[in-house]
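What follows is a set of structures to go through.
After this come two complexes, each holding subunit A, first together with subunit B and then together with subunit C.
Right after this comes the complex of A and B.
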């Protein structure tokens, strides 16, 4: 293992010494891996080039302005950035604990029969198209929010700024909830795989020194699978940031910045999907493409933050 | 034995021949178009009917939105475009060789609402509609609304405004109308396929607006007349420029078009027209045809289709919920076909 890693820099020399079939396989896989990079670079380049008109016009103030007026050709991304980040982070806060707990149950505690059938259902949920989630949200969740949940929250927690203002049902809260439901299957499914990949010796050793099954699951197996679980959360976050259809159906589609989760908002993916087809002005089109560039940037930044946090916590774990 | 082999070899040969045959026998002329979504149902019907009558000509229309239609026409990737709002002077200047507008049918946009305790038809003044969508009239029992609806039991509830979130010709017609009746709307918001809304929630598509209005108490929104008719959604009457509250229906929409002086290039907004029978929130929808069509066969096919659409085709519009063109407009367009070179 170690030797392999050390000889890695000289992979080309090694590759050339291989037999032709191996060499071909090597080159093929290399080309496909490089293809991913090429696609990513092309994507950024296209977004960058096509948004030049609006980048020149608005500069960095594009990120800080909250005006979005296609008639006057004045564009700013702040309300969309706000809506995207708030709904995604809130969805993650709601879904991650539930998803990880469910994964621990499925892999460690549940009898195999229940675990297998529940896992099947979870994977089925991941395959449901987002427009279906959106429809369910509009017809079931939004009325429930408007008639029951929002009045309850306002009555008991109305002193918090998050639960003030008019109760439409649709808004940031509705979008966060539907996103949480949508990303849950990803967290459960991938976290469960990570937990199942933990060698049985780890569990046996924990149980042998007198740990209960829960202690073994929570204190030994889960930290061991930490990287995999974190990976599932990254993937869920990426999905939440880019989700379009279900979000636009329940977020209210009004570019507001408000502390209240009852207020309507707008996300970057939603405004692009909504306005792109009928954007007749050059500047409007360019601004929408620049929003795509901004979304790309947000995804990178959020992933970087998550990775830094992960690195920090795992280092802490080692020194302890 | 020998003949069997011939049969075996013959079968695939015959199959290949049959596959190739129709393609050669009927050399089809394919004409591509793209653009507006609002008239898509009637365009689809027209192209289908026309193909039945002229099997050699096949129209292929993608309803990708007016903006996309204009861009594709400018880029030369389609033979014709379609739009719900006329092209601007700048856009025309950018189109090489020039573009002609041909009105095809008329559509109208109607206010739909869901007010607790109000079952009947509501009357809306232009001031009330502008006030509500500007966020200045905030309650259903506002004096402006009560004055127009003395008999309705309007509640003191706050008004929830619902507008389209996706860019659309419907929004263009609605905001174009509000710009004409309200100077404040014109200066603060303006008219476009998407605007910076001063108030309310956004919903995607006619179905999104109708759905949100239906399930949100005390809300108001706007949808296309076709959509409201087909889905039996209650809608209000609007006071026109002559001071009459007019119910939106195909007849009053055609009347709106008849009352407007038609410019030579057909680029005209017919919102808020004169005439006491005219419903004030209506619009043409246009086919965009390049002035110069190099290929003679294409030119022949397109002009023949336009002639058919303006005569026979108009009869197919009404059953689908579109208002047919007034005769004066049809006559003017038939003359304008000669401009295509």
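Right after this comes the complex of A and C.
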């Protein structure tokens, strides 16, 4: 027992045995890394503290009330949560199939050189600022929706509640479409990495028993990379939930809860962006910060899930 | 019968890969669509005035975005000056000094920080900097952007330091160098090039951020002297001009969008070139 203790000295003894300059360098770099932790804690604390006024006034009913009236200091988050979730989920439904299909193409069929350059273009796409997506959406997609797509949908599928009501162009549908385009690059590039990490033996085994390349890709490789692909989708969902500028520019900015996707809506990030600098009173500001806290909570949960999934796949790859 | 099944499976193979190829094509063409549209709408509005004049009051045609361009430069400069060293040094800790548990925690927190919506970062800096100072400022905007640079720089640094072969480390230690000397004179110089390039990408990305600037740097129709005044920036200008009802402002928003996008693409492509050239040289040796 004693020998064990001696052979495994505590961290303090180990530290003191080090060269003092090494110790200094260690502590110096450690301090910066720890600083990141401190900033993260501070971020949560500031959001929590700055929203105390509204948290005390409304409590949990903040999440369920759909009243948003700065004049009477009555605030509820439901329309914003609704708009955020509906646009993000719809964007995901639109983008996930396209993104995963593109990732399968890039990893399983395209020759490596072409695949690499196309992936580079996809990564450039991820670097396009969201305000530019918004700019294009306002002046190209919104008129197209208003003049062509919405009339078409209403004419042929108007019996569905999603496609009823007036056609302004801006609204939940427009926001979902922009978001879908914006999260597509994340899904493609991360899913592709997950697919490329699948050991080649898996493909070879499938091809050897007579599978076509698509069967090998779809029935063997894709399920193997399933967790990584799911991780990419959750990461994209987190991006979509927190996306601000492009959504603000096309969602219509009216706190409605309506089944119709043509209707104007509002997202959490959009209402913060629009009202923060013009907040009429302390309660209004506090309510907006509480909305920020809610958004923070939702995206952190999504990110945490995504990270766990991606970490699990990379471990799976390493053990092979 | 079997040959029918065989044909069917071949057809499925062909059709599904074609569809997947179309999806790829659609994704990739978005970038060219965006670029083409910006050039078509914005190129005609880019002139000397755009880079040298202040915005004109509503109703007067002409004017430029000189203050927004300078403002963006100052914001990004401040963000890089604060964010890059912090991220770099933490990255060195993770790659060279860290043990097991604490670095894993830091990595996880950094990843989460990276996923925090940028508008929430804006609220944080508003509460931390703007409220005590009682004014919007370049300082606050720069700090908001810095906070977004830190996690990216940290992970990039760690990744490229780890890519330095252990034989180099061992050689330095065998020559009697202490650990910090080994890190400072062998490992960091060996990876400096790649780290800088990767960092540049992170910095370029925040140059296009709008949301965290809305209530930190705010906006300004005039020059913003020093660091404690509200300042204009290109992304916020694009937002303000795009949602305004004036034709002339839309024209300028397109021009600003084109300038912003082209400079970001240029930095990204240059960085990619440098990195892949180094990679090719390494593997060729």
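We adopt the following convention: the second predicted complex is superposed on the first by the 255 of 320 C-alpha atoms of A that agree within 3 Å, B and C clash if a C-alpha of one lies under 4 Å from a C-alpha of the other, contacts with A are read in each partner's own complex, and residues count from 1 in each chain.
Heads up, the rule we're going with is that contacts are C-beta pairs under 8 Å (C-beta built on N, C-alpha and C of every residue); 3 or more make two chains touch, one makes a residue touch a chain.
Predicted model only: the values in this text are computed from it and were never measured.
A.B. asks: Could you tell me if A:70 is touching subunit B, subunit C, both of them or neither one (first, second, both, neither)?
C.D. replies: First partner only, subunit B.
A.B. asks: When the two structures are overlaid on chain A, which partner does A:158 contact: first (subunit B), second (subunit C), both, or neither?
C.D. replies: Once the two structures are laid over each other on A, A:158 reaches no partner at all.
A.B. asks: A:264 contacts which: subunit B (first), subunit C (second), both, neither?
C.D. replies: first
A.B. asks: Scan A:280 for contacts with subunit B and subunit C and give back first, second, both or neither.
C.D. replies: first
A.B. asks: With both structures placed on chain A, which of the two partners, subunit B or subunit C, ends up touching more residues of subunit A?
C.D. replies: Of subunit B and subunit C, C contacts more residues of subunit A.
A.B. asks: Mind working out whether A:249 is in touch with subunit B, subunit C, both or neither, as first, second, both or neither?
C.D. replies: In the superposition, A:249 touches subunit B and subunit C alike.
A.B. asks: Can A:143 be said to touch subunit B (first), subunit C (second), both, or neither?
C.D. replies: Touch partner of A:143: subunit B, not subunit C.
A.B. asks: Is A:199 contacted by the first partner subunit B, the second partner subunit C, both or neither?
C.D. replies: neither
A.B. asks: Tell me which partner A:170 touches in the superposition: subunit B (first), subunit C (second), both or neither.
C.D. replies: first
A.B. asks: So which positions on subunit A get touched by both subunit B and subunit C?
C.D. replies: Common to the two interfaces on subunit A: residues 138-139, 248-249, 273, 276-277.
A.B. asks: Under the stated contact criterion, what part of subunit B meets subunit A in this complex?
C.D. replies: Result: residues 64-68, 70, 85, 88, 91, 158, 160, 165-169, 189-197, 200-204, 208, 211-212, 215-216 of subunit B touch subunit A.
A.B. asks: Quick one: in the complex, what on subunit C touches subunit A?
C.D. replies: Touch list, subunit C to subunit A: 9-10, 12-13, 16-17, 19-21, 23-24, 26-28, 30-31, 34, 37-38, 41, 86, 89-90, 92-94, 96-98, 102-103, 105-106, 108-113, 115-124, 126-128, 147, 150-151, 154, 178-181, 183-184, 201, 204-205, 207-211, 214-215, 218, 235, 238-239, 242-243, 250, 253-254, 257, 260-261, 264-265, 268-269, 272.
A.B. asks: Note which residues of subunit A are touching subunit B in the complex, please.
C.D. replies: Touching subunit B: residues 67-72, 138-139, 142-143, 146, 166, 168-170, 248-249, 252-254, 264, 266, 270, 273-280, 284-285 of subunit A.
A.B. asks: Spell out the part of subunit A that touches subunit C in their complex, as residue ranges.
C.D. replies: 18-19, 21-22, 24-26, 28-30, 32-37, 39-40, 42-43, 46-47, 49-50, 97-99, 101-102, 104-106, 109-110, 118, 120-125, 127-136, 138-140, 181, 184-185, 188, 212-215, 218, 235, 238-239, 241-245, 248-249, 269, 272-273, 276-277, 288-289, 292, 295-296, 299-300, 302-304, 307
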